[in-house]
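The next part holds the structures, each set out as structure tokens.
What follows is a pair of complexes built around chain A, which joins chain B in one and chain C in the other.
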Partner chain A sequence: MSTTVKIPATHLETGSRQVGRPLERIDAKGKAVGSTRYAGDYVMPDMLHAKVLRSTVASANLRRLDVTKARALPGVVCVLTGADVPKHMVSTDIPGQTGSWGQNTGQPILVHDRVRYFGEPLALIASESRDIAERAMTLIEPEYEPLPGVFDPIEALKPEAPLVQGVGNVVASQMVRKGDVKHGFETADVIVERVYRTQFIEHAFLEPEVGLSWIDENDVINIHVSTQVIEHFRVVADAVGLPYNRVRIRGALVGGGFGGKEDVTVEIYLALLALATRRPVRLEYTREDSFVGHGKRHPFVMTYRTGVKNDGTITALEAKFIADAGAYVFLSPSVMVYAATAAPGPYKIDNLIADAKAVATNNMYTSAFRGFGAAQACVAYEQQMDEVAKAIGMDPVKFRRKNYMRAGDRTATGVVVPSAIWTEQCVDQAWTALGEPVEVSGPIKIGRGVAACLQGYGRLTSLHDTSEGWVGVERDGTVTVRSGVTDIGAGQVSALAQIAAEVLGVTLQDVAVYNSDSAVTPLAGTTTATRALYMTGNAIRQAAEAVRRRLAQRAAKAFNVPPDDIDMAFSKVFVADDPAQSMAFRDLVRICAAEGIHCSELAMFCAPFTEKLNPETGQGQVHPDFSYGAHAIELTVDTETGEITVIKSVGAHDVGRAINPAAVEGQIEGGAVQGQGYALSEEMIYKEGRLMTPSLSEYLIPTAMDVPQVKCIILESGSGLGPFGAKGIGEAALTPVAAAIANAVADAIGVRIAELPITPEKVVNALREKE
Partner chain B sequence: MREKAIVFEVNERQHCTTIPSHRTLLEVLRALGYVDVKCGCEKGDCGACAVLVDGEAIDSCLTLAWTVEGRAITTVAGLGNSNNPHPLQAAFARNGAIQCGFCTPGVIIASESLLRKTPNPSDDEIRFALSGNLCRCTGYTKIFEAVREMVLTRSGGVLR
Partner chain C sequence: MYQTTNTRIIVPEFDVRQPTSLEAVLRELEHNAKGTRLLAGGTDLLVQIKLERTQPARLIDITRVPELMGMAVKDGMLIVGAATSIRTLANGVGVRERYTALAESCDAFSTVPVMIMGTIGGNLCNASPAADTAPALFAFDGAVELASCEGSRRTVPLDEFFVGPGRTVMREDEVMVAVRLPKTAAGTGSAFVKIGRVAADISKVSAAVKLVRKDDRVSECRIAVGAVAATPMRAYTAEQYLAGRRIDAKTLADAARAVEEDVKPITDVRSTKEYRTHVAGVAVKDALGAAWQRARGGERQ
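On to the complex of A and B.
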């Protein structure tokens, strides 16, 4: 459901025929009729079935791991323990195409001697059937010597806390310093302070981790796997001690990612077992394996202190983030960069201190999740904006309007954003779209909330990100695209087809995309960080444009006009202002092929390359660019039961240019509901490190009955760095939602519940305390 | 462990296969090659494995294979194919109701089951019928629109 705001005429690209239309995605029909093959749908002759045995304690020395009985069980082919892979570590915390901070995750592939979290992998089993593997698991007897653990990041910072990782358990930190905060607070009329808390969150993609590995005739390890990052072939090669060109990762269409398939999942286990057995090996996680086995969204404790003048001018902000990193580092350093640099949100705050620390505990490790630290920051800064507005008696939308960062202003890290900043338009349109409030009575109270956000798109510029893509035209006039990009469900592949079709003047059906194979498709980089469209889209556009230029030159010769006068559309090539002079696209391709004119192109797109942020001040460029958006919510609260019902949910985002508006709506709608789960129902509960919610009946993602129809407002400033002026939407769609809901609840009941999720129990308790 | 040969039909094809007592229908269907039936949780929480048994949607992960002796099963691939998709499949694709697509087979099966029993469901009935099928990508908005469009088409444009 959406209304589209027209692009101002000056930004319109002429000749747009495929880009900008809500076309049916090229992957849709196969998924609808069940012919799409996911990574878990492949089997091979002579294939073994694998399982991962995990620790059932969170902090211990592993005294002994007796696998004798398991190895002796008929049908068990291989059992590997830490003793079999002594030097092997999960080798990098920066997956992907380029860039490395040289930081190790510190996690052994299999526990050697020390268990640091519940669910840490102890052993790998490969057997003739899944039944046998499951039976073998029960025959392995770990002997633990319990060690004191620490399960709260604030406790873990105390000097007497058990050491899990790093120095004093701090595994990553990021600071930002701008202006003079002391002076800022001195000039404030009012200072508002509050601690906001968020919880462990599970990605809950519908497809649990799965893969199939085999060693081929050239001694290459092939891994067919559900992943966001085929470039993990390097991580796998490092882990098993092979050259990079001897590991091949073949992706598949991915059954959901959201950051949960950004780190390595089953690949290293599969490679080790295939090497050990020389047989194909399949490993599929159960839902419980998946819940226990991959990193979560960082829970944050966020202390915000804001100084403001009575006229609504913010004079200073001090933001402190403490994040639970869990037992190993993974992507915590990058998450801290995102959080600290997003601390002021889309507001112009000249006096700023932000400090983010990731602290090791014996909880499950935390890593990437849609929004990546910036989403947690938004939960704090947008609740704080409402609280500050309330403290000075100003309307929250008006207060925001007074403080928006605008074109030409500098970000928290001192950078002028290269694109349009349409926060105000997004907030105003989302807020207005709520329309007339529903009528309520008695114990049912109604509330409204809004939240704005900024979200970087593209990886951290200090990672020097690149993407390669290939476009070629065939002699029947069809177009082939090759890109390593993984499609995790947002339409990454279909967008590339749309872009190539646009540039070469054919329709979407004329384009075939081959993707996600680290050995044969050009490496496009990760599908993470809202970068796929920006990076791979630009690479494919460049490649397609190079092909078009060469074809147009040849056509120009045929029609005896300058190349710039040649246009292509509807699979025809013609003189732009005299379309009667034309030929079929395929005829032109045949002529070019016969004359040895190169009809394909491999292009590389490079994001801006920068140094890391200044370690003293946190100043410098963080992201290539930012997306700006807003979400507005109307909900009701039953003050007797605490039940919250979301009635209206509106996302408004400047996406720069909607390559496929239906796909953009899909992102906003999905983000709205994932954000609603974040705000109201989802929580991975750990008790002394042990997961208490290992199923989808205990970890509650929203169902169709829990959510309203989401309304989308797509704004198109045309100013983004992506193809045709596109920005990114994947993460931004989720980021403002939870804060908008929290603000709406506070509006409804007059008391703020500053700890997600806002459950009925917390509502009832808060109302009791208020009385 | 006991085994038994059972006869049943999948997508109008007869199968006679020997199955151990504890095998679920999901395991058996996937082993027979019906991999369009998805495994999301094996606990009846997510609905990705839904199939029609004599026209009724059930979670195949909660159904022991022995219990479908003599019955007719339809998976999503049995409803249509890409040359000749079922109208619901076409509506899902056209409406952008599919993102990662992993929940889609179960959601389409649940929708089909609803529409066979209740050709003109109310909005609440649609939401209730889909509430056993989790989707993490779409927010259900376009799924709901696709089903509603089907209802509208079938009822000649009259919505309840």
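On to the complex of A and C.
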């Protein structure tokens, strides 16, 4: 579906044999032929089926929850309510392999007395069949005493607003202060101001949440689950009151996550039911359960005010973000950090104020979603860039070029980025790739738009993130990799195999990766935050290199040359300048084994560790590094019906180094499609907290029929902090897409629709108002 | 409520019959029509069962009944068996040439699997205001043939078939046997326009037009719109206005305005009343334009 242009930097190592090639991923065949087992494919003898009963009101006291009829239904084995489960709160922030502590933000496992959002879990049922569990749900009678709720973050900020929880409705905030904004605006020739809005959206991963739990012969709770974070074993242990080493989480290949499986999903329910029944329990969400069962992307209200000189120099920016956090905190604090620090985007803005606030409401809670606050900021800053360019009569690409942050410049938080900043190359490549415009006539208007972005890769440096990985070589010359990493569909596991193959001079087929088991694979941390390749890839590279060093030393002795002269490729070990002097890799491993040379290594990679940002100024390091990229769009708008058709979609990203270009393409294509849905059709609509779009027939993701062929342009600066100079692409691929589409619509119809999604209804209204 | 969901797996606790003749279908109905539903492609019925809008105890699968399948031309009239799939209908011999709007309405079905499974009878009996084939069948002056267990048969013009959302004049003991479409006259042109939210979607608004062009004027014209009222509806005001006129920018705009005045859409999660009203006019205008072009010279038939 995509055409790809690869633009490598000239200085990259050219000698690599495995890395950099579009190899067939090791998970590809199983997925293509349907033989891959996902978490939902595991069953056990004597297994029970679980269901979660959820509230159908958004704000109430739970007066009574009568489960006697449900318990009496034949086939029902267990019904648990808030009264039956420990009063522990489920921690809702900072999962994974981090050194920092959570912030005491929590949600009750099951409602005790107060319901705060529509869909909040009330009771768990385990029964002999799913059908019985469903019938039991209808026999439970919750009695509510309705309480006034608040459903809009701006309303929730007012002093008279009902309190959702805690001491105030502002649950997280982040500010950034740089330079002298007052002076900046005074020296501006033109000031442009606009409010941009984004909506609740849903991850809509293919595979709804699912898991299977059982208690094993060592009294350990095992949970086989679809998750981005196997380190949740700690959260589960805390919730059910067990030591951490008594909960084991096994992942599986994941059918998509996008941040929606970053928080705990079914794990705690499964653990509680397994403990209560001492039988295996399976819990699988339907699509509709999934829609009400996990957090959404934060909707933002973003007020941007930019001062600019007539020559195109930006003199000041003031950005205010108000985000709807929903009823519980979850990852809102980190999302606010991402948003506020990304407020100026990839532009050098010396006078800056950014304020981000997450406000509690009785809507569905919001949490991680690909792009994580920085994606919402991009929707605002890139629309604003177009509007400012228009206000001073400058070409939008030229205006951007004048303001790009370049190597050596300081970011919004005052740090110098350690890698190359190729925003200009990305924008120019994407924009040029649009080529000649298509021809249109009559009511059809054509529009083009571009958006650039920056996106941190790796988690917040204040989290003290680490990743461990193990590499060993076997006596038949094969390589084993062990890493806790979960593969959420992007090829995380295959990339590790490719890295190990590169370092140890074998081929992809020679490498087996064991992953995603919290008890037996080294903990690698979350597959979130565009960190898996950066963190886990580095750990595996380190481990493989340590093994290689020892093997090379032994080979050097055999060939009587210095170790640096030894090369390994295609399962042979040889003297680099004299390949005739060689032996099979397998034979070298056997020699080492016989001599007690250690043929494996456990390595730990640590991201940079910093303090939190200065709370007053927001200055300090936020991310280990940034990816830069751009997306360009050509589309048509039917000015009579308001219908928008995306004609061309081009993503250009500096990924540092494409370990597997085919996998990078997959990310850019997926980002283009998901971003198009964000821009044009997707919206989770809540009315007084109640979900009005409960299934995929109301919530509209684009299908293959709605998207054009995506063009991927992969740039390789080789400057990233990941293995072999890689940066990250997972989130960056999505971030600029919606803004590029919004800009293209504005270009086509001459009015800006500053509220996503840009539906035909809004287009028609905007055109009417313009007349 | 979210617990009754259209993607959950339901336990099949109903009796399923698979008769192989119309007579056998009617006999089944005769014995107990109550609690029994006919099952064609199931693309509407199964969704409704999952959403618990209906809880039939018995299903009669009618897709093995030869009398209900396939197409034939009799006395110039096209007769389509009620259990004919949308895709078979779209590809039927002569359908695209003579009943272009109908073929286009089948093409507009959201996805290929639904086109293969869904049937014309199911589309009409389900009586959704957004049923895509309905406006086209209105435009071609279609009628449906119903059979009941007492052996009676009746033919109901489609104009009179729909009563409200999900409701028709059909009785519980009746089966739709076929859809009948009169022969199209020389100089006929037709078109169907659908406006959805994404490509794979049911209609937000749909429109079908059939007109006969004679001496460069509209000698006859039928216009129908979907998803803008409780049932698919004719746009009579626009039809009357256009009779005897030429199609040009002005008459198109006037016709669109007339349609806007006739329709009575609602605001729901898929669209707004205002948008549907406006776009019904646009859809009719576009369909009229296309039908007028196609009718040029009367070379069809």
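Annotations for the structure displayed:
Going forward, the second predicted complex is superposed on the first by the 753 of 771 C-alpha atoms of A that agree within 3 Å, B and C clash if a C-alpha of one lies under 4 Å from a C-alpha of the other, contacts with A are read in each partner's own complex, and residues count from 1 in each chain.
The rule we apply is simple: a contact is a pair of C-beta atoms (placed from the backbone, for glycine too) under 8 Å apart; a residue touches a chain by one contact, two chains touch by 3 or more.
Just so it is clear, the structure is predicted and the values come from calculations on it, not from any experiment.
Applying the stated contact rule after C-alpha superposition, one finds that A:K727 touches neither chain B nor chain C.
Of the two partners, chain B and chain C, it is B that touches more residues of chain A. Contact with chain C, but none with chain B, is seen for A:E643 once the two complexes are overlaid on the shared chain.
Of the two partner chains placed around the shared chain by superposition, neither chain B nor chain C is touched by A:R448.
When both complexes are overlaid on chain A, the residue A:T693 reaches chain C alone and has no touch with chain B. Of the two partner chains, chain B and chain C are each touched by A:T703. Once the two complexes are laid over each other on the shared chain, residue contacts for A:R54 go to chain C alone; chain B is not touched.
Once the two complexes are overlaid on the shared chain, A:K320 sits clear of chain B and of chain C alike.
Of the two partner chains placed around the shared chain by superposition, chain C is the only one that A:P760 touches, whereas chain B remains out of contact.
Once the two complexes are overlaid on the shared chain, A:R37 sits against chain B while remaining clear of chain C. Under the contact criterion defined above, the residues of chain A that touch both chain B in one complex and chain C in the other are 286-287, 695-697, 701, 703, 705.
Residues of chain A that touch chain C in their complex: 54, 56, 119, 130-131, 134, 137-138, 286-289, 291-292, 640-643, 681, 685, 691-698, 700-703, 705-706, 759-761, 764-765. Taken in their complex, chain B has these residues touching chain A: 35-36, 38-43, 45-46, 48, 75-77, 79-82, 85-86, 89-90, 92-96, 98-105, 108, 126-128, 130-145. Chain C contributes residues 1-3, 5-9, 11, 195, 197-201, 269-272, 274-275, 278-279, 282-283, 285 to its touches with chain A in the complex.
Contact residues on chain A toward chain B in their complex (touch as defined above): 1, 22, 24-25, 27-38, 40-41, 203-208, 253-258, 284, 286-287, 488-491, 662-663, 665-666, 669-674, 695-697, 701, 703-705, 707, 709-710.
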